[in-house]
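Next up, some structures in structure tokens.
Here come two complexes built around chain A, the first alongside chain B, the second alongside chain C.
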Partner chain A sequence: MRIMYINNFGGGFADHIEIEEGTTVSKLFAQKIPDGRPEDYLIRVNRLPASRDQILKEGDRITITPTKIEGAAA
Partner chain B sequence: MAADIHTQLQPIDHCGRPPDSLHLLIAEIPDLQRTCSQFRQCVGQQWHLAADSKRHKLVRQLCRMDTAISKLTSDLTSRSKRLPTAHDILADLREIEEEFGEVRYDKRSKSLCTTTEPITLEGLEFGRFTICFNLSTIASNCDENPLNVIALDPNPCAADDAVVHPHVSAGHLCLGDATAPLRKATTEHRLADAFQIVAAVLRTYSADSPFCAIENWNGRPCDDCGFIANEDTSFYCEPCDKNFCEDCFSRCRDCGESMCLSCLSSCEICGDRICEDCQSLCDGCGEVACTGCLENELCPSCLEDRENEEIENDDEEIEQESTEDPSDKSQEPTSRVFTTDSTVTSVQSDRLVETSIHA
Partner chain C sequence: MRDVGDTEIGGFGISRKDDLLLVEDFLTAKQTASVVSVEFDDVAVADFFDRQVDLNHSPEQFARIWVHTHPGDCPYPSPTDEATFRRVFGVSDWAAMVIVARGGQSYCRLRFNSGPGGSIEIPVCVDYSIPFGGSDHEAWHEEYKTNIQVKRIVPRGSFDTAFDSVSLCNDAMAGDEDELFEDAGFGFEFDPFDPWEECQCEI
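Moving on, here comes the complex of A and B:
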């Protein structure tokens, strides 16, 4: 099953990926960001805030954006 | 609005990058053809060494072209593949509005803007920030910065009015870890993501590399070295009416008065800091010294010189006396010469010489 997966951390990523049927938001999160905590990220499915146990469907668009990103100077 | 924005975001290639790299690629072809026919000739003539060298050249050229091709391909496809439709833009605008409460598009300046909530970091309030993206800069896909961040309720750092957030100076947000994901989001015209990434940076304090550290936000810059010292570590120098950091501030070793390093001198003998009132000059060489380092108003080296001089003078006088007319000696054998003011005008015996030296 194909979904659109966008992450806005690290180098950034936005592309279609294959996932297993029945994958939940938290399962995908754990696969993609194994050492991250979901509460530190803004997770939206089809542009709406998503709950962790929401099951992803074919063609869904999931975005994961950290709520805090370290800036710099100069 | 979504339609306007969609039109505005149509790639305009100000920087002309794809045509440029395509042009470079095409320019490689005649070279490649030449190397190729030379290689074929070398092989035909069985010039093994030359053939080998041409083969290497061919590989290098192909590698260069390979890199150029993949760059060109990714440039062209990432842009055509991902560019959102007007419908996507509308969804983005709704998402921005839902997240920030508003979104504005200024047709004249081609800027899409939103405003954050009031931002507080480590207990310090920085107020709201307007985040603006220039869409024509985004559309041109140049390296130029499309982002501008404006403080609506500015609480600038004491040291620099332009610094309105630890990571914002003169409208420029230093993106740090957000650089790559923001670049990707703007290149792909994911506007809601771009605003969220910027807001995430504004909501975060990175103590490692701020324009101005939060603990020094209300501090004062040291007039000497520029370091921003906080209230506890900033010192006022009365003589020059300026503020200094700990490192650029000291006290007079004699009277204890605190002053900046420029208002204090150093004793050239012991190195201790002394104020103008407490400093003395050596009578001999004019060096600045503290009272403790001068003896009879002389620095140790001038004192030594003077003592040596005195001994030399005395020696000379003794010598002069002893080489005077020997007839005097025969006529007036002893005692006339010894005077009380320690100046020996005429010395006749060893005992008297010694006395005069010690006088």
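Moving on, here comes the complex of A and C:
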């Protein structure tokens, strides 16, 4: 099954990937960002917030982006 | 764009595909910013990623160079800047933190996270050998109005008078203590204390 996967981990990725039928959001996250903590990322499927148990479907677009990007003056 | 508002402004540098350290554009996402801080809206960051991918840009081109301004004249990163750079951008193969101070000074640190890792400060300059468009102040103001939600800094305590422009170097309230305490609904009767009055030594 083919989905679109976007993230900035490692070399960064924005392309189609093949996944097994029945793959959930949390399973894909664990495969792609094994040392990552889900709470440090906003995970969306087709531009909508996704639950960890959501099963990905053919043609879905999953975007994993960092949260809490903040700066402050010295 | 740096001087459009009184607040910090954060965004991403958009790099040229064949030269990732050549920044061709600077784009903001929705954020809350004050004169001393900036915080991106998480959903806006996700929208930004989706939009850039739709434009056929790779993450290396749009998500590696984190740029933000400091309204003062100090371009050096704060502990918060460092923490964000490590936590958010430390998972990419490489990233750069660029800080542009209103005084004209800038700071850039390139960080490599693959292999043994490491970081190095690199200079920032305008490459005049590459053609680029002119300044568009109207568009900058529009982008600022659209994406930057200004968080006003109010004096510590219960004062209900915020001020529009804060200079950390020049205390805007210096010499106004009496009026400020009056606004807060309480006052002091100053009774000078003479330490010698009650502690006189008898010789």
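The rule is simple: the second predicted complex is superposed on the first by the 64 of 74 C-alpha atoms of A that agree within 3 Å, B and C clash if a C-alpha of one lies under 4 Å from a C-alpha of the other, contacts with A are read in each partner's own complex, and residues count from 1 in each chain.
Going forward, a contact is a pair of C-beta atoms (placed from the backbone, for glycine too) under 8 Å apart; a residue touches a chain by one contact, two chains touch by 3 or more.
Keep in mind it's a predicted model, so treat the numbers as computed, not measured.
Once the two complexes are laid over each other on the shared chain, residue contacts for A:T65 go to chain B and to chain C alike. Once chain A of one complex is fitted onto chain A of the other, the partner contacts of A:E21 are absent, as it touches neither chain B nor chain C.
Of the two partner chains placed around the shared chain by superposition, chain C is the only one that A:G36 touches, whereas chain B remains out of contact. On chain A, the surface touched by chain B in one complex and the surface touched by chain C in the other have residues 6-14, 42, 44, 47, 63, 65-74 in common.
Against chain A, in their complex, chain C makes its touches with residues 8, 10, 35-40, 42-43, 45-47, 49-50, 53, 58-60, 63-64, 66, 68, 70-72, 74, 76-81, 84, 87-89, 91-93, 99, 114, 168. Listed in rising order, the residues of chain B touching chain A in the complex are 82, 91, 94-95, 166-167, 169, 173-178, 180-185, 188, 190, 192-193, 196-197, 200-204, 206, 208-211. Taken in their complex, chain A has these residues touching chain C: 6-14, 33, 36, 40, 42, 44, 47, 61, 63, 65-74. Those residues of chain A lying in contact with chain B across their complex are 6-14, 42, 44, 47, 63, 65-74.
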